[in-house]
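Order of writing sets the chain letters: A, B and C. Residues in each chain are counted from 1.
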């Protein structure tokens, strides 16, 4: 008996399954709050103007001519990106810090395996599970708006969601490792809670990224969020699925870079942790 | 308690809150940045998708004054009855005869200046970047009403904090509920009272008074200004009294039944 | 070093710690750094199938030593072997054979139950899902958490005693040959502490090696076969409890309450005529209580005291000779400046 990547993956999957059951209310919030946001963005303007005028304005800003159903589908799918980013970025970061600095649960990990193996397993398993679960509500909501096409939209978006979740998980771990092991932060959640909205704001989310100030845009481009937003736009508004392979190839390339960074930093972190850092 | 003693206690609480804030400057900075970022995620598209973006800005953004004040109060109370419990700090305050109301009073000045006012100014400045308008277009035309809105955000902060404290004291609900309940606060604040059959009904939400007065400072209110001004004093005093009474009740309940551990 | 090689060859050793050094760099503010030498060339050996206690004051280096053995920390220099395997070069091998209790009050996920925490740990250690579940139930039964109905409750609801039991259950989950227990009875009630001691004795009888640290000398004296005392990062003394007491004298702690005008001379005569290791004087009003550890026969001590009481202007008010406890021995060694 000995630890391998497989056993670490299994352990994390087991733990995530329990956390999902135990903290279902928090997942529920991850579905409800971005849903409210997305509906707000669509319906708030209609409180002071007509729906047709809002739709025309939306079409002008985004570029094209769209129906209200398309607008709603688009907004709901963007809310899913919001859920995904919040869930993965905040949670991966904070959990690693909690395990190492607060709970002492990292001892179980250090007894069994290396920081690198654990970090990579966390990035894959955690992000995959959270990415799928945090966007699961689309399965119910999209068909309500658009019938069978809604389900097709979800099925088309699911693979990019999975790939981007893993990439985002690797990104979050790559940031979390130095902030957990190399420095002592009193309030680490401030970083995690700021990074998620910075990535979302910088990607534009509901608006084209070209309208976003360059500073925010630069932050967003360090993560795969802009590519995921473009994917949603391509699938729900522009109906150009041929762009998807290129977008996903870019995300995979980013994921490769993040995993290399994670592996490199993880080795030093293991050394730091075992030297008494 | 006499007036002098009351004032002394009040300033003492402000002193405690100021020192607590000094220990957590990075948190306040991060929270302010967070608020600005989240509002920009929501409000920039909302205003851009409106046929008249500037009008949309005058309608939706001032609503955040009341909303952020009330939501902040809720999170402060959650902190007192959730995270502080783990660290034994809640009992430390209670040992000194302080309950959640006092804890709210401690920090209201810092919270409202940073998380409400500074965030508001930052978001409006950021919005002008997206809209391509000068900053003078987003300044309130009636600064007195705006100042009054800010002052009336205080009772909303205290009352909403006390209400959440009651929820956490008496029921076993988890911390996630604060997120959900604060969504209720958006009706009348960020979502204008216009959506209700009678806009005055929105005043059931303690945060609406401050939001509507802020909107009135831009001339974009939905409840008449005279109604707001007449109701300001009685509502503010009612909110303060209710916040105090509810907090006292919470403390008695905790003394009798203890505080639950909550994640 | 030749002696140490001989020791290794002759004895069946589970743990070998040879000339281990370890320092920490502590940051103070932005620029200042302070170096703390946690271990300064410690050497000791632990025989297979024994309970070996590692004692020392706070900050002596006990926990650092345990963490090095558990492969959680890397030594700066020296050799550390567990069951013949080097903890640095063969860390993953070493981990297969050890079970660790580090901090009984934490080290688990708050929201998972005791059972779920153990299953998670088992999976992490490479057990199959069914093995992890079966073994988790077994060890929870062994430490009494199953009987308390606590194994399904979340960890945050556990008392300190229950947390300690869970920590020990975790250490036993993989059926290790070597157990490293850092203060396993810290803060426990009498019943829980007794349970832990009985369990340790039983496990040692089964052939496992146990290295335990602690401050409760009464407890250690009851269970430990061997003791190593470290202070300020150095080994002061090592051996069985009886050997340690013998090194401090003929197992005698002498207490003499005297009064009179020549008390100081009385004390200095004692020092000159007896092989004393450690002497303290406490003033009790007009009398002085002299407490000392003496390497002499009981009769020789009594004869000298009687002779001095006659020769000098002192009156012996009270006089006792007792065998020192492990605690007395420990205090005498540590207060005597051992390891400084």
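Simple rule for what comes next: a residue touches a chain if its C-beta (ideal position, glycine included) is under 8 Å from a C-beta of that chain, and two chains touch if they have at least 3 such contacts.
Please read these numbers as outputs of a predicted model, since none were measured by experiment.
> Where the centre of all protein Cα atoms falls, which chain's Cα centre is nearest to that point?
Located nearest the centre of all protein C-alpha atoms is chain A.
> Just grab the chain with the largest centre-to-centre distance to chain B, centres being mean Cα coordinates.
So the chain farthest away from chain B turns out to be C.
> So the centre of each chain is just the mean of its C-alpha atoms; given that, what is the distance between chain B and chain C in Å?
Centre-to-centre distance between chain B and chain C: 55 Å.
> Using the average of all C-alpha atoms in each chain as its centre, how far is it in Å between chain A and chain B?
29
> Rounded to the nearest whole Å, what is the centre-to-centre distance of chain A and chain C, using the mean of the C-alpha atoms as each centre?
The separation of the two C-alpha centroids amounts to 49 Å.
> Listing for chain A: what residues touch at least two other chains?
Within chain A, the residues that touch at least two other chains are 23.
> When you check chain B against every other chain, which residues touch at least two of them?
Residues 263.
> By the touch rule stated above, which residues of chain C touch at least two different other chains?
Within chain C, residues 110-111 contact more than one other chain.
> Can you tell me which positions in chain B touch chain A when the two form their complex?
The touching residues are 24, 26-27, 29-31, 33-34, 37-38, 40-42, 44-46, 48-52, 55-56, 59-60, 126, 129-130, 174, 176-177, 179-180, 183, 186, 190-192, 194-195, 263.
> Spell out the part of chain A that touches chain B in their complex, as residue ranges.
23, 25-26, 28-29, 32-33, 36-37, 40-42, 44-45, 47-49, 53-54, 56-58, 61, 82, 186-187, 190-191, 193-194, 197-198, 200-201, 205-207, 211, 213
> Applying the document's contact rule, which stretches of chain A touch chain C when the two form their complex?
My answer: residues 1-4, 7-8, 10-11, 14-15, 18-19, 22-23, 103-105, 107-113, 271, 273-276.
> Quick check on the complex: what are the chain C residues that touch chain A?
22, 24, 64, 67, 70-74, 92, 95-96, 98, 100, 102-103, 106-112, 116, 119-121, 123-127, 129, 170, 174
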